[in-house]
Amino acid sequence: MKGLNMFELERNLRNWLEEDMPFGDITSDYIFDDTMTGTGELIAKEEGVICGTQIFAKIYELIDRAVEIEFSVNEGDRVSVGDVIGVVNGPMAGVLKGERLGLNLMQRLSGIATMSATFSDLVKDLPTVIVDTRKTTPGLRSLEKYAVRVGGCTNHRYSLSDAVMIKDNHISGAGGIAEAVTLVREHIPHTVKVEVEAETLTEVQSCIDAGADIIMLDNMDNDMTREAVGMIRKAGKGITIEASGNMTMDRIRGVAETGVDVISIGALTHSVKAMDISLKFAK
Amino acid sequence: MKGLNMFELERNLRNWLEEDMPFGDITSDYIFDDTMTGTGELIAKEEGVICGTQIFAKIYELIDRAVEIEFSVNEGDRVSVGDVIGVVNGPMAGVLKGERLGLNLMQRLSGIATMSATFSDLVKDLPTVIVDTRKTTPGLRSLEKYAVRVGGCTNHRYSLSDAVMIKDNHISGAGGIAEAVTLVREHIPHTVKVEVEAETLTEVQSCIDAGADIIMLDNMDNDMTREAVGMIRKAGKGITIEASGNMTMDRIRGVAETGVDVISIGALTHSVKAMDISLKFAK
Amino acid sequence: MKGLNMFELERNLRNWLEEDMPFGDITSDYIFDDTMTGTGELIAKEEGVICGTQIFAKIYELIDRAVEIEFSVNEGDRVSVGDVIGVVNGPMAGVLKGERLGLNLMQRLSGIATMSATFSDLVKDLPTVIVDTRKTTPGLRSLEKYAVRVGGCTNHRYSLSDAVMIKDNHISGAGGIAEAVTLVREHIPHTVKVEVEAETLTEVQSCIDAGADIIMLDNMDNDMTREAVGMIRKAGKGITIEASGNMTMDRIRGVAETGVDVISIGALTHSVKAMDISLKFAK
Amino acid sequence: MKGLNMFELERNLRNWLEEDMPFGDITSDYIFDDTMTGTGELIAKEEGVICGTQIFAKIYELIDRAVEIEFSVNEGDRVSVGDVIGVVNGPMAGVLKGERLGLNLMQRLSGIATMSATFSDLVKDLPTVIVDTRKTTPGLRSLEKYAVRVGGCTNHRYSLSDAVMIKDNHISGAGGIAEAVTLVREHIPHTVKVEVEAETLTEVQSCIDAGADIIMLDNMDNDMTREAVGMIRKAGKGITIEASGNMTMDRIRGVAETGVDVISIGALTHSVKAMDISLKFAK
Amino acid sequence: MKGLNMFELERNLRNWLEEDMPFGDITSDYIFDDTMTGTGELIAKEEGVICGTQIFAKIYELIDRAVEIEFSVNEGDRVSVGDVIGVVNGPMAGVLKGERLGLNLMQRLSGIATMSATFSDLVKDLPTVIVDTRKTTPGLRSLEKYAVRVGGCTNHRYSLSDAVMIKDNHISGAGGIAEAVTLVREHIPHTVKVEVEAETLTEVQSCIDAGADIIMLDNMDNDMTREAVGMIRKAGKGITIEASGNMTMDRIRGVAETGVDVISIGALTHSVKAMDISLKFAK
Amino acid sequence: MKGLNMFELERNLRNWLEEDMPFGDITSDYIFDDTMTGTGELIAKEEGVICGTQIFAKIYELIDRAVEIEFSVNEGDRVSVGDVIGVVNGPMAGVLKGERLGLNLMQRLSGIATMSATFSDLVKDLPTVIVDTRKTTPGLRSLEKYAVRVGGCTNHRYSLSDAVMIKDNHISGAGGIAEAVTLVREHIPHTVKVEVEAETLTEVQSCIDAGADIIMLDNMDNDMTREAVGMIRKAGKGITIEASGNMTMDRIRGVAETGVDVISIGALTHSVKAMDISLKFAK
C-alpha cells in the first residue's frame, strides 16, 4: 500500500472496529466458540476495479490472526460479476466481526477505483492526467486518494498544507494576482508549488506574469480553454495547466483534447457509488 | 443534535480539521491578516433536505470564534435550487479554513437526509417505517444515522453490541433457530431484542416458535412476504416484522403494503450522492 | 472473553500500566537484569469466584512476552482458601511490573463475580434473573459487567444509548407515561426496548396501556409487587417485569417469588469488596 | 483540587461521559427540549465525608454550561443523613446526562474520604499518619488518592516510578539488603527515598545499616513492632518507620501506640463502600 | 501564528504540561491558595530574536485563564541583554505551573530564531534563501520550522510526504536518475516538486535532462557549485538550485555568491543553543 | 532500557514516525518494491558516547520487522571518529523511512550522553554526583533523562509531582521557610523529599532548622558554598547538599571540592549539541 501512513491506518481500523462493536459482538460471541470455523468467499456482484485487499487483510490481522485471507485478484484488477475476489477462512466469530467493516471499506474504495478507472480510460491515449480534489470523506482522505491512484488517476494536493492554491478571495485579499503570489512565495518552502485559479483570459495572463507554477482554468468552455492553453504554452515557462469545474464524463475527452495537462474531478470521491461485493459462506 | 455523542463529535471535528491542514493553511495564512474579513453565502445548488447546520457551526467554533454563522433554514428543512441556507461572516483565513470540511460534511449529510426523505415520503401514509443499516462510512456512523433521522427515517441497530441479529451462519453454528435464540438470551441483557433472519416460511415459523422479538424477511418477494406477515400476526406475540434485501425505490411501496413494520435499506448510507451546496463570497 | 471490546481492553491496560509506572519501575529496573527469573503462585486468600484470568494474562503479554502464566482454574470457577489459581513465571522485573495491576483487576472482578454468584444462587431454582445497573466504576463498565456475567447474573443496559428508561422526570417532561413512550418511539430504532418506571399500581396500568416493553417496579413492597405482576401478566403483552430498589440479600428471594422476571441490584458493582488474592514467590 | 492533574481529569471525564452515552441519551434527548429545565437536590442518604464537589461541577461544565451547581457543603465536610449537599439546576436533558457519572464518582470518592476519616480519627491525638497504598482502581489512582487526602489521611507513593520499595524478591535478586539499596541508589535521583521491607528484627538491623530512608515493618505483631521502633530510633538516622499488613480498625490504635510514623492500609481504597447520595428532583 | 496547526499545538501543550505534573504541582498546590497572586518579568539574559510569545500565552490559557500575560516585544523582535520581554501576572500556583514549559519552549524557539536570523543576515543582500532540514526534534517539527521562519529563513519540505527527494539510494534502486524521476512522477500529485541530489557535474546534467524541479548540489566546493549553477541556468528550465552539506557560517556567503537559490542547513534546528531567558518575580 | 515507560516510548515513536510521513514516503514508496534490499552502516562522525541503540532498533520494529539491526557497540560505549556503530539491513523503503527519526533521536541522545560523560568525568574521583534539571525538551523528558543516566550522571526530580522544591516565591507565599516546609509536609507522601533553595547562609540555617531533606545552594561562590556545607554537615541530620546555578565546565571541579553531594546542570539537556552520526549505504 504505497503512499499510505500505516500507523494512521492501523489507528483508524482499530477505531472503526470499536465503532462497530463498542462492547463486543453480542450475537457471535455467545453462539460460536473458538473451535467453530467457517469459510466465506468474497464475490463481485457487479463489474469493477478491486481496491482494499490489503486493508481487508489488515482488519483480520487486528481481530484474530487465526483468520486467513487469500485473494485471487491483485489490487487494481478489474473483475466481472460473479468473480471470486478472495477467500476468508477461520474462527466464525472473528470472521463475522470483521465482515461489515471489511466490506464497507472495500466496497467504497473499489467504487472509487472503478469510477477513477472509467474516467482515466476515457483519456488514456492522451497525455492528460485525471486527478481528484479535497472533496473526500472526513477521516478517509488518505484511503480515498489511495483508491484514486489504484484506479489509474493521480492526486491533487493532500491538504491546505502541502500546496498553495490561490482563489479569487485570496486575490482580492492580496490586491491582485501578482501580489498574492509574491506574498505567499515569501513564506513557503521552495519545494512547494503555487497554483492560481483563473476565470478569464486576462487572469490567465496575470497568472503567467505572476509566475504561477500551475494555472487552474476554472469553469471555462472548451474554446476558451484552448485559447488559454495556447497563451500559457507560448509563454514557455513550463507551467502546468489544470482544468476544473463540472467535469462530467461526456465533457472529459473534449477538455483533454484542448491540451490541458490535468483535469480535476470532485466526483471521483464526493459521491461514491459503493461497488457491490458480498461475503458468501459455505453452507 | 439529539442522539449524538457531543464529545465524540468534537474529537472527530478536530481530527478532520487536522487532516485538512496538518501544518496550517499555507495559502490563507500568508495572505490574510486577522483584520481582513469577508462574508459568504451557503447556497443550495440543487433541491434537497438540509442536514448538518449545527455541525457546520461547531466547526467554526473550533477554528475561530470570531466567525459568525447564521442559518436561514432549520435542520431538516427542504430547500430549492438557489435558496440561501445561511451566511458565514468573519476573518477570511478562518472562514476558508473551515470551508472544505464544512461543505464535505453538510453535503454528505444533506445527501443522506434527502435520500431518506425520498424513501420515507413514498410510504408516509402507511405505518411502515424505513430504517438504515450498518453499511455506513467507517468513522461516521453516528453522523450518518443522525442524517437518516433528520430525513424522516429511523435507525436500525447502531452496532454489533446493542441488538442481536441471528443470521444463517449463527443458525448453523448453534444447530438451529431455537438453539441460537436460547443460547443468546442466556447472556444478553433483558433490554436487548433478538432479531432473526428468515429466508423461507418454514424459517419464519421457527422464528415465531423460538421467541424472536423481530423477524427479518430476507429477500422474499411480495407474495411470500404477505404470507409471512399473516403467519406472524396470527401468532399474536407482538413480533416486529422487518423486510430487507434489494429495496429499491420502485419496490418500497409494494413491500410496505404487505404490512411489514420496517423496511431496511442499505442504500440510505452506502452510496451517498452528496447534495450540491456552495459557499459563495461577496465580491 | 465474550462480550468485550478487545481493542478498548488493550488500550485501557496500556493506560493503566502507564498510570503505575509513568517513568518505569525504579526499583526492579535497577535490581534485576533480564536473565533473573522467578516463579510466583496466585493464591486465593478467601473463598470466591475467580474472574479476570485472561485479562491477567493479557497484561503480561503487553509487558513482556517472556512471562508465562498458567492458570489451574477456569474463568468463573469457585475456589477455596489456599487454592492455587495459577502460576506466573519469567523475568522478575516483568513479573513485578504487572503484579499490582493484575491483582487490582483480578481481585476487583473476582469480588464482583463472587457477589454476583451469591445473589444468583439465592434464586437459582426460580426463573428470575439478577442484573446489574449503571452504578459501575467510571472507565470499567465493560469489565465490571463482564464480571457480573461470569458470576452468573446478566446485565441491564450498557449505557444511556442502548435502551430507553423512562423515569418520573421524563414522565413529567412529556406530560404523561403514554406521551413519553410515544415521543421516544418516534425516534429510536425498532431494535430498542422501552422500559418505564412505575411507583404505583396506577402507573403500572399506564405503562401497560402505553405499550412499555419492560416495566420497572420501583421500590414496591412484595405485596404490591405481586399485585403488579398479576396486572401485567393478565395484560398478556409479553411485558418484562423488573423489580428494583434496595434489593438486599435477605429480600431477594421473597421478591423473586412474586414472579418478577428481573431484579436489578446496584450493589453488584457499586461497592465492590475485592477478593483477597496474593502472588507468592518461591524463595 | 490540589495535587490533581487537571488535564488528565478533563480527559477522563470526557471518556467516562462517552462510556455512558456512546451515541447520546436516547431517552432524555427525545423527551426534553432545551427550554425544559429542572432542579435537583443532592442529598446524603447516610452519614459521611463529602468528596468530589468540584469534580461533580466540572462534569456539568463539560456537558452543558447552562447547568448550574451550588454546593452547600465544602469538600471534606462531614454530613448527616438527609443533609442537602448541593443543588443542580438547568436544562433537564443536560442534568440527567451527568447524573450517573456525577453520582458514581462522588459516592465512590466520598466513600473513600469517609473511610479515611474513620481511620484517621482513631489516631488523631497521636503523631502517626495513616496512608494509602497502590491498591487503587485502575484509571482512578489520582482521584482515589485525592479522596484519601480529603478524608484526612495522606498518600504512600503514587507509582512504581516515584519511590523505591525494596521487597524480599528484590533482596534475593540483589543478594542482600545492603546490595539492593546500593544498587538502586546508583541510578535513582537524590530526591527519591528508598524504602525497604523487613519481616524480622535482623532484617530491620540490615535496613538500618544499609541506609534505608524508610523501613516498612511487614506484618509484625505489636511487640515486635515496638522493639523494631526502638532499634531504629536508637540508630538516630532520621529513618521513617512504616507499619503494614492487615491493618484493621481495631488494630490501628495499638499499632500507632508502638511509635511508628506511618501505617499503610490497602482497605482505604481497594474495597470502597460507596457513600449513598441521591439526586432528588423537585416535582 | 501563521502556518501552524492550532489543534496539534493545543494537544501538544496539554501533553507537555502533563509530562511536567502527572499528579499536580505538589509544592505550589499546597502553599498557595487562589487568592495569592504575583507578578513576574520575562527578561532576556542574552541578545537574540524572540520566538514563542503566543505559545507562551497559550500555555497559561490552558492552565488558568486568570493568569495574564502582556508582551512588550513582538514575535521576531531582536532584544538585548536585560530587556523585559513581557510580564506575567496572576495566581502564583498557576504562574509557577506554566513557568518551566513556557521557558523551555520560548528559549528553544528563540534559540532557533536567533540562529536563523544570524544565517539569514549573512546573505540578506543576496537573492539566496536559507532553509532548514528534517533534522528537527521529534514531536516539535512544526514549532521548530515556525521558529526558522520567525528568524527570517524559510523551510525545506515538512516531511517525506510533501515533496520528493531522490538520493543516491533511490537512483541505484531505480537504475538511474531519469528512471527514478519518471517512476515517481507517475504516482505523485502534479502539485508536488521533484528534487534530485547530485554529487558530480555529470549527475547535474542527468538531473537537468530528467526534468528535476530542484537540483541539490551535495557537498560540492564553490568552484564546482559555480559550474553547476552555470549549467543549470543555461538549460533555462526554471530549475531551482539548492546547495547542501556542511554549511557553516564562514562558508555561507561564498556559497550564496555562486548564485544558488537555496542553501539548506541542518544546524538551524539540530543543535539548538537555547536562548537564556528568565522569569523574575517581584519580591 | 531501564527506567523508561515502554508504552509511552512506543506511543511517541509512532507519533514521530507519523510526523515525518503523514501520508507515506512518496519517494521511496514509488521507487522501491519489497524485494529491493540494502545495507547501511551507522558511523560515528565524531567522538562521543552512544545512546539510543535499542530505541533505534524499536523504530524499525514498528516500521518493518524485515529490517534487521545489529549493533557493534553497547549502550553507553564511547566511540571514535569513523567507528561503525551498527549495521542496518533490509528492504530499502523501510530502511529509509526510519532513517531520519532514528538518527534525529540517536544523535540527540548521544549528544546528551556525551555531554553528561564529560561533566561526570571531571569529578569521577570525588563523591559528588552530577544531575540534570527539568530544562528538557517538551515531550522528551523521559528519553533525555535516560541519556543523562547513560552518560554517567543521575537525574534530579522528574516533574513537579515527585519531589518538593521550595523556592523564594513559595517562601514568600508561606511566610517563611519553616512555614513552607510545614505546610507541604502536611500533604505530601512520607516517601517524598523536601528540597529548599537557599541564597544566603541565614537561609541555609533556616533550611536546616525547618527540616529540609535537601538544601539547594543557589548561585553561591565556592567560599560561601564551603561555609554552607560546613554548617549543614555540622547539623548532622543527613541533609543532602545540592549546588546549582551557572555550573560551567571550568567551575564544576572547584564546586565539587567544596564537599557538596550534588551539582545540578541545566546545560546537560537544554542546549544539546547533537552527536554527528551518519547512515552510509553500501553502493
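All chains are identified by letter, namely A, B, C, D, E and F, in their written order; residue positions are counted from 1 within each chain.
Here, contacts are C-beta pairs under 8 Å (C-beta built on N, C-alpha and C of every residue); 3 or more make two chains touch, one makes a residue touch a chain.
All of these numbers come straight from a predicted model, not from anything done at the bench.
S.K.: If we look at subunit A and subunit F, which chains touch each of them?
M.R.: Touching subunit A and subunit F alike, sorted by label: C, E.
S.K.: Using mean CA coordinates as chain centres, what's the gap between subunit B and subunit C in Å?
M.R.: That pair's centroid distance is 32 Å.
S.K.: How many angstrom lie between the CA centroids of subunit B and subunit F, rounded to a whole number?
M.R.: Those two chain centres are 52 Å apart.
S.K.: From the C-alpha centre of subunit A to that of subunit B, how far is it in Å?
M.R.: The mean C-alpha positions of subunit A and subunit B differ by 23 Å.
S.K.: Please output the residue numbers of subunit B that touch at least 2 other chains, ranges allowed.
M.R.: 2-3, 5, 21-24, 26, 29-30, 158, 161-163, 186-188, 192
S.K.: Write out all the pairs of touching chains, ordered by chain label.
M.R.: Touch list across chains, by label: A-B, A-C, A-E, A-F, B-C, B-D, B-E, C-D, C-F, D-E, D-F, E-F.
S.K.: Could you pull out which subunit A residues touch subunit E in their complex?
M.R.: Where subunit A meets subunit E, its residues are 2-3, 5, 129, 131, 149, 154-158, 161-163, 186-193, 195, 214, 237-238, 240, 242, 261-262.
S.K.: Under the stated contact criterion, what part of subunit F meets subunit A in this complex?
M.R.: Touching subunit A: residues 14, 17-18, 21-24, 26, 29-30, 62 of subunit F.
S.K.: Show which residues of subunit C lie in contact with subunit A when the two form their complex.
M.R.: Contact set of subunit C toward subunit A: 2-5, 7-8, 142, 145, 158.
S.K.: Sort out for me which residues of subunit F touch subunit E in the complex.
M.R.: For subunit F paired with subunit E, touching residues are 12, 15-16, 19-32, 36, 38, 92, 96-97, 100-101, 103-105, 107-108, 111, 134-141, 159-166, 168-170, 172-174, 180, 183-184, 186-188, 192, 270-274, 281, 283.
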